[in-house]
Each structure stands twice: as structure tokens, then as C-alpha cells.
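In C-alpha cells below, several structures.
In what follows, subunit A forms one complex with subunit B and a second complex with subunit C.
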Partner chain A sequence: MQLDFSSKETWLHRINPSLKLFVLIMLCIVVLLVHNLLFMVNLTIIVLILFLCFTGQPLKRILLLFIPFFVVFLSTSSSMILFGQGNTTWFKWGLIHITEESFFRGLLVGFRALLFAVLGLTFALTTRPVYLFYSLMQQVKLKPKYAYSFMAALRLIPIMLEEFQTIQNAMKVRGVVRQTGIRSVFFKMKAYSIPMLSGSIRRAHRIAIAMEAKRFSDTRDRTYYYEIGFSKHDLVFILYFVILLLGGYYGAVKGI
Partner chain B sequence: MTKGLKLTDILVTIVIAIAFGIVYILWGSVYYALKPIGLHADQFVYGMWFIAATVAFLIIRKPGVALLAEIAAASGEFLLGSPWGLTVLLYGVVQGLFAELVFMAFKYKRFHISVAILSAIAACLGSVLMDFAYGEIGKLAAWNLTLFMIARFLGSILFAGVFAYYLVRVLEATGVTNLVRPASSKDYAELDQK
Partner chain C sequence: MERIAHVDKLRLKFPGDTSLIFKDLSSTIYKGEKVLLLGPSGCGKSTLLQVLSGLIPHSIEVPMKAEELVSPPSFGYVFQDPDSQFCMPFVDEEIAFVLENINVPKQQMIDRIHHHLQQVGLHLPNIHTSIQTLSGGMKQRLAIASVLALKPDVLFLDEPTAMLDPKGTKEIWNVLKEVGQEKTVIIVEHKIDHVLEFIDRIILFNEAGQIIADGPKEIILSTYQEEMREQGIWFPGVWEEYLDTTPLLRLRTPFEKKEKILDVQNFKGFRQKEEKIRVDQLQAYSGEWIVIKGENGAGKSTLLHAFMQFIKTTGHCELLGTAIKKVKKQSDFMTFVFQNPEFQFVTNSVYEEIAYTLKVDKKDSREIEKKVEELLEWFRLGDHRDKHPYQLSMGQKRRLSVAASIVNEQKLILLDEPTFGQDSKNTFALLEWIEELRLKGTTIIMITHDEQITNNFATRIWTIEAGKVISDETQSISINPELVSV
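Coming up: the complex of A and B.
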């Protein structure tokens, strides 16, 4: 199965990955402290512009990726809207009690979840994991043994998926009888997780031994295949958020 | 003996964690399948998202493994494009930290099922704290919040505690855990018997 995930490179791809991650995490912490619905909506729009215009993905795929966002938005806001506390009742039916306060709080929570989701996906779509870990080693001084372990583990994902299919086929070939009910769930969990986990552990162990046999060292003054630095795109990225955050806040205060 | 985790420990931990990262992503659809039932039935399966910390620690049995595993699982989930995006990363750090604290409280020397359950409860507590900030669940009606908590804690105990413990027990039977665990005093005693 060969999926085509090719996309254009945009300026978001060229931002230093560590810096990008840092800015996004800071933004998330700010968002946790925001309790103004208008400001939250403005923030979401700011981030959505980045996601829609600058991830370099074709429009069709962007729309497809949008579907889970709606689910996240609805699921996060719905229970607050339906069951939240509040005084000004709009609607009451059995356990459901919609009040003005709970409705707006629900929207706030929903937009917050949406914002986090869009930020995360924007990052994931515009960052190559290998560059991220090289950059973390070079700029944040992450220990190489952690960074290389992550990179090796990410490489193992396709192998794990293949293994999953092998197990599936093997069970089919050997005519494993389909059980029903709750027991089948436990049987399946065991049948898949144990061979996959033990196989993965063995493989990881072998890789670690091979790395050490080839003199993998944990010194920080090592040389790197990819040298990741900073560029003017980083400045643009920071300025984008600073200006629009201030603008969004101003707009929210003025009631736009 | 060198201090801290060796390359082997880290690599094995992260590979286990990334495997669970894939499970975490797939688990999102289970979570949403239960959502329409309403009344926080979905919270019951939430505990699955704490399992990496417990399993990794029970396999490798070294300090720092639980935290590393939960962070790695979360970043794997994040990099593969979870619909929750950056949320999972922040939650992962907090949950891993809480689980780690429990193992630390037992000086990394207890591997009984009760410790696994305690760490699951701690991780759950961490996630609930995050939910107070992120989902403002403190503002839910009291009966609804209670239901939410009961479902989440029960689910955590079942998935990240009991299920994780038995998963590792079965793994032990395959012999793979001997590769990565530090030698215990029992192993030395066995050598002496001859």
C-alpha cells in the first residue's frame, strides 16, 4: 500500500523545528489561561489561516483533515453545553439543562480544543520528525541517545504495521475460529499485543546493541549530518503570532 | 554501574511507547464510538491512554522509564497526527509524571499489581487536573462530574492497572523481559546455588 503524502514546501517547513515547537507550546499555555470567548475565536482564526494556507497540502486533503476537528469540537463542547452549571436557563429536558453560562463556556472549551488540534496538526504536517530531533539535539541540547532512540523507533512504525498484518493473515490461514462477545476482545488483544510487543522489544534490543557495537556515543560535541540553524522565517513566524495575538486581543476587547 | 538509563533501556522504552502511541491513535475511534451513548460512557475507556507508563515500567523496572514512556507515546501520537494535537503532548507529560511519582514512592522496588493500580490512579489524577484547566470540567453539574470521575477512575484502574499488569505477566512468559531487566538479587542467588 503506497499512500501519496507529497506536499509543497512552504515557509512553515523552513522554520527551526525546536523554535516552532516552543512557540506552539507557549501558545497552548496562553490558550489555557484565556477565558474570553471572542479572543479565543480570534486566536482560532489566526491559527486556522496558517493551517489552511501555509501547510502546503492540497485543498482536498485539508478538508478531509478537517472532519476530526469537527468531532473534537462537538465532543468537547457538548457535555459542557448540555450538563454545565449556570443560572440563566434556556432549555431543560430531563437531565439536560442548557443555560446561557454553560452554553458560552461550552463554546469556549470547544474552541480551545479546536485550537489545540489545529496547532498540533499544523506542526505535524510541516515538520519532518528527523529534522525535529536533529534540531532538538543542536538547539535544545537533547541527549543524542534520546534523540536517536526516537528516530529509530519512528522508523519501526512501518515494520510494526507490517507485523500486524502478518499476524492477521496468519490467523486467517490457520483458521482461527472467530469468537463472539467479550471473550473475543480479550483473545484478540492478547493475540496481537503479545507477539507485537515481544517482537518490538527484541528488535529494539538488537538495534541498541548494534548501535553500541558501532561506537554510538552520547557526547554532545558530535558532528551532525543535518545542521539545523535559524533563518528569517523564524522571525516572520514569531512576528506573525505577536502581531496577530495583540490584534486579536485588541479586537476582542473592542468587541469585534 | 553507570547512573541513569542506558541506550538499550531508552531505545526499548521508546519503541514500546511508540507501539502504544499507535494504539492511542486507534483508541480515539473507540472513544468516539462510545461518545454517543452519552453520560460519560466514553470516560470508561480513557484509562487506556495511561497504559504505556505502567507497561514500560513493569517491563524495564528502572527509574524514569514511566515518564519517558508516556512522553514518548504522546509524542508518537502527536507526530502521527492525533486529532487532539498538542493537547496529547501536555497531557502525556503530566500523566507520565504522576505515574512516575508512584513508582518513585516505592523506590522502584515494588512491581506488584497494587503498585500498577496506584500508578494508574495517579496518572488519572494528572489527567483530571489537566481537564480542570483545559476542559473546565469543574463547571459541570455536580452529578455529571461525579459520574465523569467514577467512569474515568474505574477505567484507569482496569486498563492502565490490571490490564497492564497481566499484559506484562504474559510477556514475561515469552522470556523477552529478561533481555531488558536489570539483574535482581534473585538472579544472583540462583547463581550461588550450585
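Coming up: the complex of A and C.
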């Protein structure tokens, strides 16, 4: 089984991963603090442009990934809109009580959830984990010990998926599927988790030994196969946000 | 001669174990030697290899004590499992990881990567290839290439071909012979056919972790055959000896009553919507032992998975006259023994494991007990009935997985390389059990790479090439004249 999300490379891929991570985290904090609905809408548009046009993924996959987050948007905002509190009642029917305040707060919260999701997705779709960790080692001085253990762990994920499938087949053969009742749920959980856990622990241990056998040590002075620096793309990325955010804020205040 | 690795009076035990693995063990390896450590599984050869290399105690913490311990300053270590020795996702990055560790400047890296891949004969169109897409043999080559990047004087090889088919095994040993010529090489291996011409010294262990012999290979091989047979080591000629001393059961009583078990026509198996295996037509009858042959990746396992309906299939496939998709409780009629026994275990004890399928079907408890006792005895697992399946040895795990799979007395048993990684004693015992099942009328369909099993046990051979079954030959039973006259 393979997880393949490879795509065309765009300028978003070429941005320094540490910088990208930093900017996107800052944006998340900004999103938390914004209470102006218009500004929030502008922000969403700014980020959506990047997500829809510059991740290099086929549009079909982008829309597919977008569906769950759109559902999150609808559910968070609608629950706030329908059951929130407020003074100016627009509509009331049984439990449902829509007020002006709850309507706008609902939209705000919905957009906030949506923005978090889109920011995260944009980052994940345009960043190879290996580059991210190389960059973190070089720009943020992350200890190699942590960087390489994360990279090794990422390699284990597809192997674990394959194991999961094998266990699933084995359960079929043994007739576990036919076991019924509440106890069977716990039984199945155990039957899956124990072999997977024991397998992963053993494998992680072996990889750790193999890494040390290849003279891996935790010193920071090592050479790097990928030397990751900064480029004009980074400037474009920062300017994109600075200009559009200022524009969006100005527009929101002026009420456009 | 210069000492390259040395231990004196080594005492070592594993945490939790009560007894020592080694008690006052001493050994010395000299520069340029090619040494083979040989012994039964669980005797501590791999542990000694780790001590000699210095991985124990530097990387692996194990309670140990030694009067003197010398390990080589520059060494490379190749492990047995191709999937758990890489920490990067791509071929070039993995070798680069090693080069980074020894501070090779970035400008030289690409050239070095190409050079080491060349050395092990791993010719890839693009060095930035995902390691996951490589075959087992290619992965082991990559493991050797990344070890060579360290420019080691000493190579430690811990069963580097344990997970490979015969072709891959041969290739890997050819590579190792070439790159290891100038180096000191210390090997743990129990399939020794390909290793013998390369090495010059053998250290032989017994079950208690003691060295019982140490010397030039010719002397050890000729003097200690009896011990090696006892330990289940695959020394050259072990098959011939087995065949000479054990008249095959099959020759005594050929199975007569034939019933069509499996009937397949125009059958296709799909993985992720892609056709992976195609069968025009095949039949299997009761009392047949069918071996599936073919190269790695040809689709042997896929065919078995298709029969078991683990994957999507189209076409006609009948089990005992009923379309397989309509068979209720398929596991009453056919069963599957996986390559890795551990994935099959679902309970906490050997006894429960065998009883499991019967208990799910709510069979009578006295009947269950009788059946389980019978199987425990038959597969020599009676002494271990309360152990957790994971605590068993490799051979015992394999026996348990077979016992637990056949408890329903299914008419069709599919096995995916059941003798893989087993020592000779366990292999022969397992083959004899399967043969006994066959004589009771069970149909066996088994994947194996072992020519000897194919030639001596199979009644029919299916060959698979590039996702298609290309031949179906019945193997005539060569009747031994002596036995006929009896």
C-alpha cells in the first residue's frame, strides 16, 4: 500500500520550510485574535487563493480534501447560529433561536475553523517532511537526534499500514469476524493493537541500532545533503501576506 | 597477526532472563579473516556479533561483563530485516545520511552515492528512488552500499539473506564476496551453501551458548556433521541425507479417492483496480500437494490472496462446487497460513490460540478440549500450552500457526512460504505433518522457493510469471522399486 501525494512543484514548495511553518503559525494566531467578520472573510479568501491555485495538486484532489473541512465549517457555524444567545431575535421556533449576534458569531467561528484547516493543508501539501526537518536542523538548530527520529518514524507509517492489512486478513481466516457481542469489540481491538504495537516497538529498536551502527551521533556539526537556505520565493511569500493582509484589513475597516 | 576484535571471559544475560547466555566465553578475530559463526537458533551467535562489533554495550544496553573487550574502530554492520535498517525514505538520502554522519562535504556526496551503488550493482535510473518500491534483494544491496559508504575495515553480517529468495540470496553473496575480499568479515548465517567457499574459519556453538569447535572450515565440516544435523543447520548435503534416511510417506500410499475441491476459470485478482493475477483455468483435487513457483513479485501471494478473497476478484471460482463468493463461513472449508506467524495470533496462550476458532463457533467444550489436546501433542506444543504465543521460538511459532489454522479440518490449506527462515529439523518435521494431512485427503497449495520441496513433495506444480499462471504440470511420482516389492 502506498500513500502518494506527489504533485507538480510550485513556488510554494520552494519556500524555506521553517519560514513557511513560522508564517503559517503566526497566521493561526492572528486568526484566533480577529473578531471582525469582514476581515475574517478577506483572510479566508487570501489563504484559499494559495490553497486552490498554488499547491500543485490536481483540482479534484484539492476539492476532495476540502469536503471534510467544509463540513466542519457548516457544522460549527450552524450550531452557533441556531442555538447561540443574543438580543436581536430574527427567528424562533422551539429550541432553535437565531439572533443577529449569534448569526455573525457563528459565521466567525466557522471561518476560523475553516482557516485553520486550510492553512494546515496548504503547509502539508507543499512541504516534504524531509526538507522540513533538514531546514529545522539548519535554521532553527533542532537537534539531529529529534529530526532523524521523526524522519525514521515517517518511514514506518506505510509499513504499518501494510501490517494492518495483513492482520485484517489473518482475522478473517481465523473467524474473528464471526465473533459477536460487546466483548468482541474489545477482543478485536486487542487482536489488532498488540501485534501492531509489538511489531513497531521491535522495528523502532532495530532502526535505532542500525542508525548507530551507521555512526549516527547527536553532534550538531555534520554536513547536509540538502542545504536549505532562503530565496526570492520567501520574499514573495512574506510580501503576499503583508500586502494582502493590510489590504484586507483596510477594506474591512472601510466596510468594503 | 593483528587482533581486530576480541572478547575475554564474556558473561552476558538478557534482562529478565534468569540464566546467562554466555558464561566465560572468549574469542579472537584476526585481521583479514573470514569467519562464520554457526549454531542453533537462540544460541547467542547474533548477540556475540553485536558484542564483537561494540554495538553491545555502546548502543544496546544489556547486563554484561568481560575481562577484556576490543572492538574494531571502523566497521559496517548489515542486518537481516531489509525493512528495519533504513531511516530515510529515498535511496540517495539513505546513503547521504551515512555520508553526513562521517562529515563528507556536500559537493562530494552525489559522486560517492553513485560510486557505492555501482559497487553493489544497484543500477537505478534515478538515485532519488523510493526505498519502498525496491524488492527485498535490492533493499539489502542498498543496505550494503550504505555500509560501504563508511569505508569499513570490518564487515559484520547478521543473516543478511534471511528474508530473501534463492535468487536474491545468491546475488547478495556474490556482491558481498566481491566487496568483502580485502576486509575482515564476520558472518552469522544458517543457510551456508553460498557462504562456504568465501569463509576460512568456522566457530561452532551449541544450544547452551558454548563454543564447541573453532578452526578451519574443512576440519569443522568433516568432524562435526553429527552436531550440525542435531542443531538443524542447513549444511550442504542435509537434504540428500534426509531423503536417504527417510522413505517418503508419499511413496508408500498414493492418494486415490479424488474429489474436485477448487475449480477456477477466467479468474482475475485486482489490487487497487489494477489486474495483478490472471488464471485461464485450474483445478485442484483432494489429496494433491500443489507447489506454486515463480520469481519474487510474479504474483504468487496475490494468487493465494485471490483464492481467499482478500482482494477483489472476477471470473469463475468454485470451492467444492459452490461459487466462492456464495460460500458461507468460508473458513470452515479453506484456511491460510501466513508467512509471518505473529500476525495470526489473537489470544494470550498457546492452548487458547488453537481453541479459538472452535470456541467462536460455539462447539461443545469437551469436543474442543479433545481436539486441542490432539493437536498440541501432534505439533509437540504440549509443554508450552500456557505460554504467550510471542514467547515461543521461531519454529514453535510456525508450528502453532499451522496448528491453529487447521483446527477446523478444512479441505483446502493454502500456505505462503511456511518453511521460510526455519532450520532443517523444523522444516522436515513440518513437511511431514503437511504430508500426513495430504494423505488424509486434504488439498495443499503452497508457495515455496525450495527446489527440494518442489521435487520431493509436490504432486503438481503451478508456475507464475508476470501475473499469469503459465503452466500446470503434474509431477509423476517416481516409485522406488524397493518399496514396491514390499
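Rule of thumb we're sticking to: the second predicted complex is superposed on the first by the 244 of 256 C-alpha atoms of A that agree within 3 Å, B and C clash if a C-alpha of one lies under 4 Å from a C-alpha of the other, contacts with A are read in each partner's own complex, and residues count from 1 in each chain.
Going forward, a contact is a pair of C-beta atoms (placed from the backbone, for glycine too) under 8 Å apart; a residue touches a chain by one contact, two chains touch by 3 or more.
Note that the structure is predicted; figures quoted are calculated from it, not measured.
Taken together in the superposed arrangement on subunit A, subunit B and subunit C fit without clashing. By the touch criterion defined above, A:R203 lies against subunit B and subunit C together after alignment on the C-alpha atoms of chain A. Once the two complexes are laid over each other on the shared chain, residue contacts for A:L119 go to subunit B alone; subunit C is not touched. In the superposed model, the vertex angle subunit B-subunit A-subunit C (Cα centres) comes to 70 degrees (nearest 10). In the superposed model, B is the one of subunit B and subunit C that contacts more residues of subunit A. After overlaying the two complexes on the shared chain, residue contacts for A:K8 are found with neither subunit B nor subunit C.
Of the two partner chains, subunit C is the only one that A:R215 touches; subunit B does not reach it. By the touch criterion defined above, A:A152 lies against subunit B and subunit C together after alignment on the C-alpha atoms of chain A.
In the superposed model, A:A191 lies in contact with subunit C only, and not with subunit B.
In the superposed model, A:I25 makes contact with subunit B only, not with subunit C.
In the superposition on chain A, A:F69 contacts subunit B only, with no contact to subunit C. In the superposition on chain A, A:K172 makes contact with subunit C only, while subunit B stays out of contact range. For the pair subunit B and subunit C, the model built by superposing on chain A gives 7 Å as the shortest CA-CA distance. Residues common to the contacts of subunit A with subunit B and with subunit C across the two structures: 152, 154, 198, 202-203, 207-209, 211-212, 216. Considering their complex, residues 24-25, 28, 32, 65, 68-69, 71-72, 75-76, 79-80, 83-85, 95, 97, 102, 105, 108-109, 112-113, 116-121, 123-125, 127, 129, 132, 145-146, 149-150, 152-154, 156-157, 160-161, 190, 193-194, 196-198, 200-205, 207-209, 211-212, 216, 218 of subunit A touch subunit B.
Remark: subunit B residues 6-8, 10-19, 22, 32, 35, 40, 59, 72, 75-76, 78-90, 133-137, 139-141, 144, 167, 170-171, 174, 176-177, 179-180 touch subunit A in the complex. Interface of subunit C with subunit A (complex): residues 53, 55, 58-60, 75-77, 79, 81, 83-90, 92-93, 96-106, 109, 131-132, 146-147, 150, 305, 308, 310, 329, 331, 335-336, 338, 340, 342-346, 356-357, 360-361, 390, 404-405. For subunit A in complex with subunit C, the touching residues are 2, 130, 148, 151-152, 154-155, 158-159, 163, 166-167, 169-176, 178-179, 187, 191, 195, 198-199, 202-203, 206-217, 221-225, 227.
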